[in-house]
Amino acid sequence: MSERLTTKREAADAVRAALRRTGLRWADVAAHLGTPPVWTTAALLGQHPVPAEHARRAGQLLGLGEDVVEALQLQPHRGPDPAVASDPTVYRFHEALSVYGPALKELIHEEFGDGIMSAINFRVDVARRPDPDGDRVVVTFDGKFLDYRW
Amino acid sequence: MSERLTTKREAADAVRAALRRTGLRWADVAAHLGTPPVWTTAALLGQHPVPAEHARRAGQLLGLGEDVVEALQLQPHRGPDPAVASDPTVYRFHEALSVYGPALKELIHEEFGDGIMSAINFRVDVARRPDPDGDRVVVTFDGKFLDYRW
Amino acid sequence: MSERLTTKREAADAVRAALRRTGLRWADVAAHLGTPPVWTTAALLGQHPVPAEHARRAGQLLGLGEDVVEALQLQPHRGPDPAVASDPTVYRFHEALSVYGPALKELIHEEFGDGIMSAINFRVDVARRPDPDGDRVVVTFDGKFLDYRW
Amino acid sequence: MSERLTTKREAADAVRAALRRTGLRWADVAAHLGTPPVWTTAALLGQHPVPAEHARRAGQLLGLGEDVVEALQLQPHRGPDPAVASDPTVYRFHEALSVYGPALKELIHEEFGDGIMSAINFRVDVARRPDPDGDRVVVTFDGKFLDYRW
Amino acid sequence: MSERLTTKREAADAVRAALRRTGLRWADVAAHLGTPPVWTTAALLGQHPVPAEHARRAGQLLGLGEDVVEALQLQPHRGPDPAVASDPTVYRFHEALSVYGPALKELIHEEFGDGIMSAINFRVDVARRPDPDGDRVVVTFDGKFLDYRW
Amino acid sequence: MSERLTTKREAADAVRAALRRTGLRWADVAAHLGTPPVWTTAALLGQHPVPAEHARRAGQLLGLGEDVVEALQLQPHRGPDPAVASDPTVYRFHEALSVYGPALKELIHEEFGDGIMSAINFRVDVARRPDPDGDRVVVTFDGKFLDYRW
Amino acid sequence: MSERLTTKREAADAVRAALRRTGLRWADVAAHLGTPPVWTTAALLGQHPVPAEHARRAGQLLGLGEDVVEALQLQPHRGPDPAVASDPTVYRFHEALSVYGPALKELIHEEFGDGIMSAINFRVDVARRPDPDGDRVVVTFDGKFLDYRW
Amino acid sequence: MSERLTTKREAADAVRAALRRTGLRWADVAAHLGTPPVWTTAALLGQHPVPAEHARRAGQLLGLGEDVVEALQLQPHRGPDPAVASDPTVYRFHEALSVYGPALKELIHEEFGDGIMSAINFRVDVARRPDPDGDRVVVTFDGKFLDYRW
Amino acid sequence: MSERLTTKREAADAVRAALRRTGLRWADVAAHLGTPPVWTTAALLGQHPVPAEHARRAGQLLGLGEDVVEALQLQPHRGPDPAVASDPTVYRFHEALSVYGPALKELIHEEFGDGIMSAINFRVDVARRPDPDGDRVVVTFDGKFLDYRW
Amino acid sequence: MSERLTTKREAADAVRAALRRTGLRWADVAAHLGTPPVWTTAALLGQHPVPAEHARRAGQLLGLGEDVVEALQLQPHRGPDPAVASDPTVYRFHEALSVYGPALKELIHEEFGDGIMSAINFRVDVARRPDPDGDRVVVTFDGKFLDYRW
């Protein structure tokens, strides 16, 4: 069998197993690394290359193998996981885009002109907002506006 | 030919044409109706039934026909428009969900337990945030947490 | 142009328009015809051939044209409407089947043996059940068990 | 090979094998745990996180390994299994939704207004109803009504 | 608008409308033409070119226009109609092929060797067989065996 | 690795290997078990649960392992195998349904009324019919008529 | 309504109608134009831009309108017509590619090296070859070999 | 693990490895077996059952294991390999069918009447034709005409 | 019928018809407007909103109606046209991306780090480069590099 | 287990692992082999057969096993990797083709006539162009024009 790298999916599985074993939470890892929670979680699940120093420190905190620490640093192939898209917790975001996507497009063009919200120069945050009728999940998408410029 | 109602898609086309003719903006319509901009835009594009009084007032503002005013009040079939999903302005939201969806799921479960952000008891807002590196599009999803409860 | 029949879809559009015009409800039509509400609604939307006498009486109640009354009696091509499957109100039923379908299959086989719940010798009902935490939608599927019999 | 958790699918396979080995039925497991049969079956098949105490007691009853008991407690990715959707026993439910879904939508809106039956605050039951023409499978979907509320 | 022929689909619609208007059945048309019922029905629905003499006689029997009589004679593009495949009456045939197709393949090869049942040199018949437990639909596929021959 | 059952697909592979090793034919197995050839072949390929006694006798005849004999008895997930649907020997049946399916539907409704041929209370047979122009494959589908009955 | 050109599909429909009206065959048109039969047929069906002089002469022969003659000259969007791919006469070519495509690839590489048969510098012919066992359809694909050349 | 046969795909991999190891070409194998090159290549790649004597001789020539020699004789499931269809060398054939398929259908019907070129009683050949502008790949499809015969 | 705007597709059809009528080329229009050829062509085909002044001047040059001039200015829904993707002239670009896309990704990351070539701050040009072996099509994609920046 | 060759995908994994281990870059490998960077990267990722001498030298540089060196020389099945197409870095190229593909087609036909840019006699280059507003990725597609020639 020829040489191959541990994949980022295998690394993500190892991270999940380590969280379970150690009882740590994603928020703990983010606090330990000093990085935002959504970025941290996405990166350790394989959607971003983790800088070497952060990968090493995550490895120490979680007791990950060297191969996992290296895999975390690899450049990912980002993309949708069809098995996740129909999970109800994730699906509701897709449903909201079905219902409100055309309206968001209209209002972005009305306010900013012809262009897009960047998904690259971009951050996202999730928070809990207490509410007497039941607490609310508040997710903020925050991306630079890019105008179509030839 | 048998009797039929003006469809909500035809009504949306009529609204767009009226905006073009009158020079009004979605924000103007929202202000006139006293309703939130994203709700207003989505509703006039056919994703929500518009209450009779609001439909009448929108009709007066925009000079819409009686059939259009009635169509706006109909119960919609909500759902995705494949032709819109690949428009770059809308696609960036889908791409962000591809990259960050699994992380949002992890963090929602960590913070709230097993459940979802409702897409029904839900509101969304879009805003411009000035930034010296280029202004930013900020979109907030805000839905009630629903726990799996048998 | 060669002769053709009014389609069942056109008939369904005419029925919806007539309900809107007359202010009648599906429940009123069902009561008038003496048929169950779900059967009545499905049949007038084109999923069942309506017996001639019922079609005639529905036509009188709703002021439908002769061509519509005839179309209601035609044998339908039953089948899914993709545009409806992703409507949130309908989608929740599909989601419930995703989550609970395999469990229903296990329990049907455990209780009845190898076979199916018929979707032909079958009825379905929808009801409101008051609940202090918010009223509930109760939908009952009731079909004859058919065992695999060679 | 890096560390990984037993998956919920592997756990479901182990549960099936244990049922076969022990001769127990899903109904026995549900009775032992004091949980509803459909919830119990769905949860052990991997569609719900099983509370730790229930997982431990199921493990004792069925002689499951520690890794399986732990896997049962993991948060699932819920979603459809395409290989199951075309199984005749499950397909009949999908066919019934094709035929009656639009009617259910009409009647829910007529009775409750604009909104949905929750699939989260939701329970489902399956029962046998004796009938001289052949016993019947009766499946009840019971979910809280949620109205579109901005 | 440039010249065009009435399509075979329009012709099929005209045939259906004529059957409805005249009260004739497919079996009557087949008897009148002296052709097998399934062939006759399939051909008038557009799946076979109808010989000129038969088309003329069908046209007289059903009062079809000249354009329809001509369209019936055109060479068809045969093929599946997705909207029909999920109709329950047709779907059961597809389901039977899902369940028994691999077995049919094994037994054809065992009996005849490597080859196929022709779908071109082929006929099909449908009959009712009385049965005290409920009459049965009996459909016979009868095609020439063709062996793979280089 | 947690406990799991031999799958029905693995069992089918073992049956095929045993047929090859022993030189027996499907017809021999059917004769030995006293069951119809198509049922026998489909069941051993995994589309039906094989009754315990038949599984044991098939195991003895073919020299199957205990795990295979047990797997044959499991309740299957029936369904289409896309890799088989385009095999020419199987595809011709699908093509015949494309061409004649709508005609079969018309004639079933004309003869029996609104309903279906059951695919559950159903049997199928394959036979050779000698013919001077080349022998013919004759496949008979025989299912109970079920009328739509509310 | 704004100005638009007759489409190539409308032109193809007009050509078919003219062939029917005049009793001419594709072979007659090819002979009249002095062009190969497959090219001629494909071009008049809209898969090639027809040179102006040929379009004019085809128009005279078939009595086509000016708009059709002009449409024949337009640059086409070439591509598959899904409705044609499953027609049995066309499907057999696709099936032959399924069975023999990988072998053709192996033999082209073995004989010519890494590259392709051009589908642009390419011609195709269809002929009848008499055979006592039944005449044969002989179709020849003839394209320039293009080697991968950086 | 239960008994299973080497698959035809594994056998094809073994044949490819043996060709590489021995330096033999497909043409050499065809010459050794006295069979046509395309048939030979397709059969060893798993698209035809190889007669026992030919399989044995191919096994000797290429040094294949007994399990591979046996696998070559198994009845295949023929069908498309999606990963091959988009390979440029194979894709050009599909593209040619997109462009010329409808024309081939017209000309086959014009010359032969309603029917098809058999893909079963069928052979295919590939040849090089020298040409000063660059040698050409010439592929000939040669199948018996089958007329629709009820 | 309620009011609606001429669509951008109808406007594109009108532009094509005007080019045909006037004998002008895309290059002429681009020169007249002083805009790059690819931008000009894409914009008039509906992929960009045309600034009011440019739309007016294009309208004068091509003799377009007022409704077309207005439609050209509308904000488009950009996106793929499946019917175009398989046209051979366009398909070759997709094929090149299949073959070279992963290599482009590797080299962009090696040279620039983690990020993308913008398709918004982006221009594209097409040119002819004379070559004794046959002139070459040279297409240049030129987009700003955007690094993933949280 | 029967003999098989190391696949080109496994070889690509080994190349990636060797780059990681040695710290070499794709540009280093290209310089060492004297081959263009995009060709080199694509070829080592498995999209081109690597000539024996180049494979041997790459193997020495990167410390690859003999099986990998041999796999690099195999003829590939080229084709799209769906998991890569939605990676944002690659997706932007597809999006650019969606937006500009029809315009490129128009301008190629206007300049060159009816034909295509070859993707076989073809090269591609990627470069960085410094720009005060942010450096730019410049990708050049350069293919021989091929005219449709019968």
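Each chain gets a letter, A, B, C, D, E, F, G, H, I and J, in the order it is written, and its residues are counted from 1.
The rule is simple: a contact is a pair of C-beta atoms (placed from the backbone, for glycine too) under 8 Å apart; a residue touches a chain by one contact, two chains touch by 3 or more.
Predicted model only: the values in this text are computed from it and were never measured.
K.L.:
So which pair out of C-F, F-H or B-D basically repeats A-J, with more than half the contacts the same?
P.N.:
F-H
K.L.:
Hey, how far is the Cα centre of chain D from the one of chain G, in Å?
P.N.:
For chain D versus chain G, the centre distance works out to 54 Å.
K.L.:
How many angstrom between the C-alpha centroids of chain C and chain A?
P.N.:
Spacing between the chain centres: roughly 42 Å.
K.L.:
Could you grab the centroid distance between chain E and chain I? Build each centroid from C-alpha atoms only and quote it in angstrom.
P.N.:
Centres of chain E and chain I (C-alpha means) sit 47 Å apart.
K.L.:
Could you say which residues in chain I touch two or more other chains, in rising order?
P.N.:
78-80, 84, 86-88, 95, 98-99, 109, 115-116, 118-122, 146
K.L.:
Tell me, which pairs of chains are in touch?
P.N.:
Every pair of chains in contact is listed here: A-B, A-C, A-D, A-I, A-J, B-C, B-D, B-I, B-J, C-D, C-E, C-F, D-E, D-F, E-F, E-G, E-H, F-G, F-H, G-H, G-I, G-J, H-I, H-J, I-J.
K.L.:
If we count contacts the way the header does, which residues on chain F are in touch with chain D in the complex?
P.N.:
The contact residues of chain F facing chain D are 1-5, 70, 74, 77-80, 119-120.
K.L.:
Could you list, by residue number, the parts of chain H that touch chain E in their complex?
P.N.:
36, 39, 48-49, 75, 109, 114-116, 118, 120-123, 146-150
K.L.:
Enumerate the contact residues on chain J facing chain I in the complex.
P.N.:
Residues 25-27, 37-38, 41-42, 45, 47, 78-81, 84-85, 87-90, 92-112, 115-119, 121-122, 124, 126, 128-129, 131, 133-146 of chain J touch chain I in their complex.
K.L.:
Tell me, which parts of chain F touch chain G in their complex?
P.N.:
Per the touch definition, chain F meets chain G at residues 86, 88, 91, 95, 98-99.
K.L.:
Which part of chain G faces chain E closely enough to touch in the complex?
P.N.:
Chain G residues touching chain E: 6, 10-11, 13-14, 16-18, 20-21, 64-65, 67-68, 83-84, 86-88.
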